[in-house]
């Protein structure tokens, strides 16, 4: 019984923090709202740190590490709002690795950047594989797939795909006529592929609407479990990112609450503020416990990973919503001004809560898994 | 209990309506950029027309150019103007809060000099109370005014959250004139010409990137002896008058964010959202809160019309309103999805706008303290600053932080 | 424009308070948990005060007053947890009065006590008239009605009918085969009528499961609008009752917060508690604004009464849940003991939130009315 | 990261499991009424068997009859006992908190006299700290102990929230022995024989009507000179030791209310509830919070096994747990409807039970104060009672209320 990070994991986290610390990522997040070019290119750093190969077996040139390490890196990225394309990268490498794709060495070496085109696995309320719509509350069907030998032809659109702009390879999921999910590796510049880049409110997140019209790709022969795992891995990564952001919100808020005075007392001495910050701490610690659960479950109890990853996202999503608003409130009016950092974390929270099904969908998954378990019992 | 007009009110409403029918064609659009000088001068001209028709300063006494009517008539005017699709007066702060304060505390000279141009939009006013280190704790202002031998005053310091400063002619400013007495005692209210040398106005950008407020800096600004309002050392009492009039304006604008109508429209157009019980619960709770504010507004207005001064509990309406508006935008954006955060989206504008509103005019915590103590009669927090000279207080804070 | 109570309304409320003040109703609420006979019989008081005839036209021996006066009385009952059968009485008299039933004089005189057997009007999500189930989340169909001339035959069960035990006359709503709702006046002792009395957690609320098996009653010829109005009137009455209870919770909590000391200060001087009590005040005042809205709308803007009554119940329901728990918390451990009054208001809150569709259904109605309005616009 | 046993832990688990296989037949039912003497004596006997097998006081040092093992082994024992469907030890408070305090602060005579019978369930103990006017502010105890010329002490006063007092042989009691010094200084810890003359125990009924706690009254109770634990005037420090051990027990019992399993079962059996998105959101949030407590428990246990003393943040687990349990019962009862409030319903039992738990062991407000100050390092509230003699403090309060 040992539920703490290993020394190696602690080292990897500190290395990530060090590598990202060389850039002024938070200021860049502000400048990029007016000038997209202000964002530093963090890909070389990611490659240098070996993040592209994190989940790729050593025989294919990767580090053969576990998703847990990926979560720790994502946490560090979230802490400083660094736009490292992990959300697109890691689920994609996980599928490619399971399929033993020939592109693995190039991907592991960072020469070929893949992006995961997400599809949500069926739920008790929605039987098919679904994708994000461009707008509105109803999800849309995942792209339609037709299979001929090793070739997959995809037709359909997936909205708000993280890290798709500039990716070399798209790892997309489609559903065949008989409802089977299949994964395909498609070159981003292939015919019939359109990648409509966009940013929404949080300039650090590169996204795109990805459309396939009779686009041809190579079949990645993996089972539905691998495709579902990729979705939950993305959920766990958003959770870890959010947890990192929450930590910064709390640190900055606490520091200000100690030095800002009103009515002759530091504002942090007032119960209302003290209890609000304690609530941020509670949510942060709960999010960490669930990050560990997700990291541990994916390796040691895969059947619980959907529950663990969904719970992690649900808690961390609520934590970041609360922490970002709290950071603004603690700072009073100044916390709602352009020059302050608080709005940047608020922007991160606003977009994150609505990506990849949204926090609400993750909470619903926790319920689904729980009800399923109870019905089975 | 009756929400209809009395015969007198009805005929007044008809009078207002008739005038608007005649004149609304000349009104500028309801909304526009306050950084656009053309729009501002159009709004000034429109306010002048309203003033000449007696539709500005409705509750001001007749002898200072007002109509000497009651709050209900004021609301009638507001309703009819927005019915007509026209904008209201430009200088809401001046006519709603600062003018009434001058009427209460100003000298005859001040009243005759300033009220007319204020009413007609020739001179717009701004309120300069808040400072970087004096927000919730307004009495902690550090902007200093020192009297010179010739009786004039020299002003140094900084104000913040100043609306309309970029085109205001005058500002009502709270300054410290004596730092050796407890903080509420050493304050004085001044009239500051915004074009005086040494006054610098700088726009303060909000989350949205728009400069909805300003910072104002004062570097050895010289003020005439007669720029004092309400007497030297009485600044706190004068400020409270302004805040009292500010309170009168809270709560009657429950629809002002428009968020509820927009929310209902967005949801009703999205069948998937309409079927979602959780979405409906959130919508139901938001609408319920907004309805409560609206009908409590009628209660407050009735009390006001009967001459009762609204107490601090009026602040509860603001708490409800801001939080309901935040919930409404969150729900709307959740239903629309990430696209709600597009640059041109009304949702993303509101999402950026509302967090700042939460602390505007006192944080929710301060409001709840005041209401808990003044309305429920709960004991106050221990005050470590009571009776301590302001200068010592500052020193204490500095050393506490140093520790 | 005048949105305050009239002098007559203020007098009526004070009279109600005075009349109820003659009984130790709160202590009785506690004793009745162990001995049902401990409850005082408040019906004579109600009759003396003329409450049975409140909504009955003067020509039929009533006061010809409006629902608003009924809400003020309900508020006073809630304030002291008085078990006056208004929930059963007033909606019933409203239907009887609209039908011009011959029983009206006897009802107005208090010789004949009617009880409303509730049926919820259709919603956009549930097309039929429905009733409370004995248990579980799904509502059940309102009793089936067959109409022959002036006679109605009812078949079916309605769970948790307030004030049914001991009532002389049941004013029940059934649905005919073609989906038309009809109201029937049925003698409580008629053949085929069973009234299974029960109390649940709050001993001051007399309830029953009412079953009809081919039970015969007299048709009350009124339109569906009158039957819908009865449902919303019941919603507004629970709201008013709850508002009254909230006021007592707040008064008692504030008094204790002033006199109880911890760490050398009155507990009411601490922000956390001060803000919690301010929140109770906020909810109370919002509930009052909506009570006025409901009372005003039923007479002056009937088309808005469903919205107003539902909003009033939603807000007052949340207010009482919050105020009752807060009352326990403010008092610390002692607030959770048998001898304290706080648990009695908590019991009231626990049952009220689940009666007649529950608070949640009222909130859902607010949404339905809003969406309908928006769609129409 | 690994939730499995090490080889040593696994073999210990097997040893425990084997013993339970042998003996669980003689175990009483897991639950029964603590007002039923027969059930209590069966539980005493079972605790004796557990103690003889080394399954009570697992973490106690060997020289006082314990097994000298670590927290992980303690958890292993708890897990296996509940796996076996048997009840654990009866005197959780004595063996978990009071015994360890005696081991830390007691005299050799006290250890040899009391620890053995405590461990074997022959003498059950209760904790007598809280008083009607000393809950969150524990140091405000008013129960007085005056020393007599012969060295004995005379005890007068009242305690409350005393679990197990109705069948306890001894209680560890915090009393004021000097009212003329600041409140934390004048306290002393005593061992009180519950059968001493002048001790009266009265059951204290909770919302449910059941007496889960007791009030204990002391009327001129005479205590021997050697009943003092940890020295006269050192009562506060001794009490803190007990509270530290209390903290160790928090958080490892996230399933203890069983509410989540019952909730999931109830909901999954109700198709209408399963389709309701709002119900699912509430369920999802509740389960998420409970999972977080469970896995944070593993984190804490790991730290504990590495010799780190858990800080006050452990209290956050309690906050999460109690509030999640309350939400769970509210949701369950909402789905079942009014029938959930039937007298024999588990839901209504939990609904009555949980509100009391919220303030048990310090209100949520006090927990959040402590965590905010000790973990986040936020400044404390101004303390008006610092350094003031206790007697003056009381006088001040009385006059403040009189005002």
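Each chain gets a letter, A, B, C and D, in the order it is written, and its residues are counted from 1.
Assume contacts are C-beta pairs under 8 Å (C-beta built on N, C-alpha and C of every residue); 3 or more make two chains touch, one makes a residue touch a chain.
Computed from a predicted model, the values in this text were never measured in an experiment.
Novice: Between C-D and A-D, flag the pair that has more C-beta pairs in contact.
Specialist: Result: the pair with more contacts is A-D.
Novice: Assuming a repeat means more than half of the contact pairs shared by residue number, which candidate in A-B, C-D or A-D repeats B-C?
Specialist: Interface equivalent to B-C: A-D.
Novice: Using Cα averages as centroids, what's the distance between chain B and chain D in whole Å?
Specialist: Roughly 53 Å, centre to centre.
Novice: Starting from the mean Cα coordinates of chain A and chain D, work out the distance between those two points in Å.
Specialist: 41
Novice: Centroid from C-alpha atoms only, then distance chain A to chain C, rounded to Å. What do you get?
Specialist: Roughly 49 Å separates the two chain centres.
Novice: Check each residue of chain A and list the ones that touch at least two other chains.
Specialist: Residues 258, 265-266, 270-273, 275, 360 of chain A touch two or more partner chains.
Novice: Could you say which residues in chain B touch two or more other chains, in rising order?
Specialist: Each of 276-281, 365, 368, 381-382, 384 in chain B touches at least two other chains.
Novice: Please output the residues of chain C touching chain B within their complex, sorted ascending.
Specialist: Against chain B, chain C makes touches at 1-6, 68, 124-125, 250, 254, 257-258, 265-266, 268-269, 271, 273-275, 277-279, 281-282, 285-290, 292-293, 295-296, 300, 307-308, 310-311, 314-315, 318, 360, 362-368, 370-375, 377.
Novice: Help me check something: in the complex, which residues belonging to chain A touch chain C?
Specialist: By the definition above, chain A touches chain C via 270-272, 275.
Novice: Where on chain D does chain A make contact in their complex?
Specialist: 1-6, 9, 72, 75, 261, 264-265, 267-268, 274-275, 277, 279-281, 283-285, 287-289, 291-296, 298-299, 301-303, 305-306, 313, 316, 319-320, 365, 368-369, 371-373, 375-382
Novice: Spell out the residues on chain A that touch chain B in their complex, using ranges where they run on.
Specialist: 33-34, 132-138, 159-160, 200-202, 207, 258-259, 261-266, 270, 272-273, 325, 328-329, 332-339, 343, 346, 350-351, 353-355, 358, 360
Novice: Would you pull the chain B residues touching chain A in the complex into a rising list?
Specialist: Counting only chain B, the residues touching chain A are 130, 132-133, 135-137, 140, 160-161, 204-207, 209, 213, 270-273, 276, 278-279, 333-342, 348, 351-352, 355-356, 358-360, 363-365, 368, 381, 383-385, 388, 393, 396-397, 400-401.
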